[in-house]
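The following block contains the structure, expressed as structure tokens.
We just call them A, B, C, D and E in the order they show up, numbering each chain from 1.
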Amino acid sequence: MSILVVKDLEVKYGDTQVLWGLDLTIERGEFVALVGANGAGKTTFLKTVVGLLPAAAGSLHFAGEEVSGMPVEYRIRKGMAMVPEGRRLFKGMSVMDNLMIGAHFREDRPQVHEDLGKVFGYFPELERLRKRVAGDLSGGEQQMCAVGRALMASPGLLLVDEMSLGLAPVVVERLAEVLAKINVNERMSVLLVEQDVEIALELSSRGYVLDNGQVTMSGDAGELLRHPQIREAYLGLT
Amino acid sequence: MTLLEGKAISVSFGGVQALSAVDLSVHEGDVLDLIGPNGAGKTTLLNAISGLCPARSETLKFNGTEISRLKPHRRAKLGIARTFQVVKPFDRLTVVENVAVGAMFSGHKIPTRSRVIERARVALEQVGIASKADLFPRQLTLSERQQLELARALAMEPALLLLDEVMAGLNHAEIEKTMALIQHINKNLGITIVVVEHVMKAIMNVCNRIVVLHFGKKIAEGTPARIVESPEVIQAYLGKRFADRQRRDQAQRAAQP
Amino acid sequence: MAGFEKKDAGPALPSIVLGAAVLVFLIVAPFVLSNYWLRVLTSILMYGIVAQGLNIIVGYTGYHAFGNSVFFGIGAYSTGVGMALGLPFGLALALTVPVAVVVAVMVGWPLLRLSGHYFAIATVALNMAMMEMVINVGGITGGAQGLALPINPMGPAMLYKIIYLVMLLILAGATATVYWLDRGSLGYALRALRDSEQGAQVMGINTTAMKIMAWAASGSFTALAGGVWAYWFTFIEPSSAFDINISIKGYVMMLMGGLGTVFGPLIGAAFLELFATIIWGKFLKIHLLILGMLIVLVVTLMPQGLLHHLRWFKRRGKPKEVIR
Amino acid sequence: MDMLFQTIINGLLLGGLYATATIGFSMVWGVMGVINLAHGAFIMIGAYVGYWAFAHFGLDPFLTIPLSMAVLFVIGYLLQELLLNRVMRTSLLLSLILTFGLDMFFINVVILLFSSDFHSVNTSYTGSSLKVGTAFIPYVRLLTFTFALILAGGFYLFLRRTRAGHAILATALDKETARLMAINPSRVYSLTFGAGAALAGAAGSLASMLFPISPIMGREFIGAVFVITVLGGIGSVEGCVLAGLLYGLIQALASLVLGVSYQNIVAFIIFLLILVLRPQGLFGKRFYGEIS
Amino acid sequence: AEDVIKIGAAVSLSGKFAREGEFLKQGYDYWKDAANAQGGVKIGDKKYKVEIVYNDDESDPQTSARLTEKLITEDKVKFLFGPYSSGIATATAAISEKYNMLTMVPMATADSIYQRGYRYVFCPSPLASTGLYPILDLIGTLEKRPATMAIVGPDSLFPNITAEAAQKKAEEMGIKVVYLGKYPQSAADLSSVATAVKGANPEAILCTGYTQDSILLVKSMRELQVNPKLVGLAMSIAVPDFRNALGSAANQVMGTDYWVPTLTYTGIIVKDSDTYAKTYKEKFQKDPTYQAASGTAAGIILQMAVESAGSLDTNAVREALLKLKGQTFYGDFQFNEQGVNTAAKLSVTQIQDGQPKVVFPIQVRQTPVQYPKAPWN
């Protein structure tokens, strides 16, 4: 069964239309990559899915329910979580509080504590840093904390925007490993937006290519990776 | 000739020693890359050069002038321009006005308004966001804002350009474009460049020297080819997977005629 | 927002006509208006200066000088003390400018490093500290007892015309300064540093000097208004010369008219003063209540200022950006 | 020596009340980026609620604290929902002027309702004191102080320990991201503004025991409230308490050492110095109050 | 049309002096209605009704000045009634003077106003400098006078004048002023002042503050057990708010007053103080204060001057005012060239068993003074 079904989605900023009739589906437990040029509308898409932006037209089904009119809180409660572009931690709060606020809305407290344990399992450095003020962490540590915070919502669908932005290659590698592990262990669906197309497609099972607000290609990640057009436009290989 | 000569540059924030006695010399015509893990002090080093944070140093000379006591705007007028990793556009000026400010107050006096605008437009062309000239910065995407940063710096027609992660968030094609732009700035406009970049495969091709920072110390310096082989750098920064990819790419390139 | 990028340079015809009409009116006003209405008009001009002074430091430079009334008080007291020492009015008034500049430079240097809210309240504290200082110094300032200025033997008709004209001149000066800021590169420097100080610095703008200059200009005009006010009232007290409501009123006017525009503050001043004048007497006990409600309504219903809503004579321009 | 001891007691006891009067203001500023100039009016309304209940039902103002808190919570909540919400996103300036207008409005409404006469609350224990050595501790002030600290402590725990509190903090730091945590910022703002007003109301009820009650009594607090907010660090409850006590102490000591006429000027100069040397406040945290 | 005398008044109906301004306005209104009830002001054979044009000055001198100008030039009033407080009146007096507009300013008692050579500004009340004199005079009649004294008050125009004059007079009488405290006008709390007074340990303490300050100071002294033999206040003792606020703590505290209901002066329009207090309460549902009484008295004196001049001409009325010598329920009056009422005297009232009693001057007193004051209970 599909966890997210997007049909004919259109989004506008005032008079400028950014997304044009976009279709996208994610199955439960699937790892999907969304790649595309700058300004293609990837962030806009994620924000619309989660509800930070309104859709101008089209439908958005999440876990079998039409959510496009619903506020952000509703969708989060229903099982979405997002790692926003640029991490956006609550810089003045401790790492621990940042993690816990990810589970802010959850009533199943014992389960929350278990999830906290899991997050520390994936990112042992966070346990060490849990008392530190989040704004003081290095970029990589902050990104880990941001992913951890999203995991604390125990979402059915994890949306990750620009996982590798400004991170050292070693850190990117770490994060990629953890995302893959989470996908498998928790059976959590992941939608990853990433500029590093190679990493993104290696991690995922399917991929979508977005260009000027439209899906121009989609399909099996491995195939996309081998597709000559992708190799040329996004990987610089021939 | 050495354009920028810094000896023992140190910066500390309260208890945190962000930079400890880093030496840096940039030669005219260089494209120098500064790499290092997050928090290594790369941005801080750029800040120290442009005068935005209090730094101690034995010497900090630009074009033969000691600049360590100069305020940031004096250094800018001498010909040091920079971009910010966390972009700092002038939100309530339009894109073209943003760039015009760069042309207006740099050391080069431009006589008329229309020339200032002309200059700004050229800079916007160069970075490829000329079509957005009349928008406000917050109507741009993150990467377009980074391009705006670059355009503002270019409009100043500096001698030394400091670029802080201008490629972050760009895809391959755009990275290629930016690389070409950097090369163009360097070769055709004769501007010396210091870049901070994580995008290694791009940097390998444009820069002639790499300085590696780690915990505020310089741990390596040399040509790109040498640096990527250094086990210390691989361990601290690049990661094994990257090294593998790097080797594979090189092999592939070598295979191509 | 003006830019040197205007495609259709120059204002439209209706606004030229309107502007000329206002100018003519201002010049003939003292000869046709009754003393009372001249006084009302003078008070509009005075607040116009205060609002325009705020416009320089708030609208263009982005520093919320909430306590700019400190300069009003400084102007009033330096004129008052100067006259108490025997200087003629003109000279005493002229002296307020260097005094204001010295204060702006001395205090501005540390305070203008603060940003946003912090600067706003620091200026309030500065205003209070200055007031307490005048009270505690006593002596020539008269302390809490206030200071009486020499009375001009001239009849009211003549004296009021002179006061009016002096106010008008100062306001013209302030408006010209703002106009010049709006067009010139200095204005760009101020607006740039308003949006990002570090960004401006690395682009060659001496932000410290610019800010201090802007505040000194803002303060000088405000101080001149205070100086004229002192002479006009012949009696000044610390609590009314350093009355924070002066700058708050200026803020409301600037806001009503439109922040960071050349003529907005003047329109706001005229509107608020006239409104207040006209409702006085009609609602004895509740007019402050009505004024409070009016402010609430203006802010919630037309946060971009009157000018924005009176744009019929302005060409449709770029989207007006939100003030911060 | 005796005087020094008495002075310290005076300063601390008053400081506790100041602290409570400040917390709501500081929170609203820190979380919403709104400098609420009507805070003084809220305090005043709280005092009138206390007075009204005392005059009509003989209720002790300590008992009516919950009532004033409830009344002001509702006022604050509604104001935020109906008015402030419309402007606070756009600018600091607009909210300042809006709240200035509100202050004017409330004061004059109270003048209409209660006239501008002074009112007082005299309980059976008003005026009696506890003797400690050579110093006297007035019971009313001691009780006021205790209640003030209990309220401050309670609010601190509310922020740090409850999920609603965490939601407030998170919204203060990054509103959009807070939404991603299933937090509804406009609800949080209304809650914060309501809570801020409720605390002002409690402070007002407490103040009604000590000071003559009049429509403009809030104006006398607002200066201290500003200084303490900055001294303590914007949006920091524990900072407010420490700064409130410190401020009371400084003022009292300044009057002792320099003379009573210098208490304000000393306060303002300290304030300016703090701003210049340590703008995040003596006890402030980094990253707070950065919203513009 | 009826013949009317139009009188203008800018008073504070909002802002920090709203309370005092309201009383003043009611005082003016009382006179207007009383005079009109008797047919109006008599000039020659004709009776003129009185009409008062009010404006609210928001307790702001600048607004007051503007409104004064409006009353003179737009509303074309014949005479002016002044605002509350010396600060505001100083701003408006200059304008009255410029237009040669006869102005009665019953609540502007700062001496400095009358030292500027104004010719048209008249104050029926005694000046600020005399504010504490009667208490000192009373001390002079005591057998065991206090030897030391503290004088405290807010740092502002009226209180400062009163305090300085009192200090001078006390020292002339050989009383040592051991503490002189001026606290900031905006001080919300006076416990530090009470502590300082305690440290100086004076036998008498005089306070020049307004009602609110007096309440606070007495409260604080009681809480901190500051126990001088005499506590004397300027201008608040008879204000009902004062007694209500302090309850039994007010006992044996004394204060000077422009007017109290128990005074025994008599005059036209209002027969005596007792009548005034009663009829005022009927009319306005509250007890009158000295501000109200001073307003009514100002009206009565103006009426007497106009009637004696037999004209509405400003200069004729002024001449008549300077010649007149008489009494109203408010007290004696006789004006000098500066517009100062040289005949006015303050009285001293002491709260005895919860009731205000006039204790000085001897000739109008109700009971002897209770001295020394008992310690606070």
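Everything that follows uses one rule, which is that a contact is a pair of C-beta atoms (placed from the backbone, for glycine too) under 8 Å apart; a residue touches a chain by one contact, two chains touch by 3 or more.
These numbers come from a predicted model, not from an experiment.
The minimum number of touch steps linking chain C to chain E comes to 1.
The chain with its C-alpha centre at the largest distance from the centre of chain B is E. Relative to chain C, the chain whose mean Cα position lies farthest away is A. Once the centre of each chain is set as its mean CA position, chain B and chain E turn out to be 76 Å apart. Here the CA centre of chain A is 51 Å from the CA centre of chain C.
In whole angstrom, the spacing between the mean C-alpha positions of chain D and chain E is 36. Residue positions of chain E touching 2 or more other chains: 14-15, 155, 182, 184.
Residues of chain C in contact with two or more other chains: 132, 135, 285, 288-289.
Annotation for chain A: no residues touch 2 or more other chains.
Inter-chain contacts, as defined above, occur between A-B, A-D, B-C, C-D, C-E, D-E.
The touching residues of chain C, counted against chain E in their complex, run 34-36, 39-40, 43, 132, 135, 143-146, 148, 151, 155-156, 159, 229, 233-235, 237, 239-240, 243, 245, 277, 280-281, 284-285, 287-289. Chain C meets chain B in the complex at residues 1, 3-5, 185, 188-189, 191-192, 194-196, 198-208, 318-319, 321.
Across the complex, chain B is touched by residues 13, 35-39, 43, 85-86, 138-141, 162, 165-173, 195, 197-198, 233-238 of chain A.
Considering their complex, residues 14-16, 18-19, 22, 152, 155, 181-184, 186-189, 191-193, 195-196, 198-199, 211-212, 215-216, 219, 222-225, 241, 244-247, 249, 376-377 of chain E touch chain D. Taken together, the chain C residues at the contact with chain D in this complex read 58, 64, 66, 110-111, 113-118, 120-122, 124-126, 128-129, 132-133, 135-136, 248, 251-252, 255, 259, 285-286, 288-289, 291-296, 299-300, 303, 322-324.
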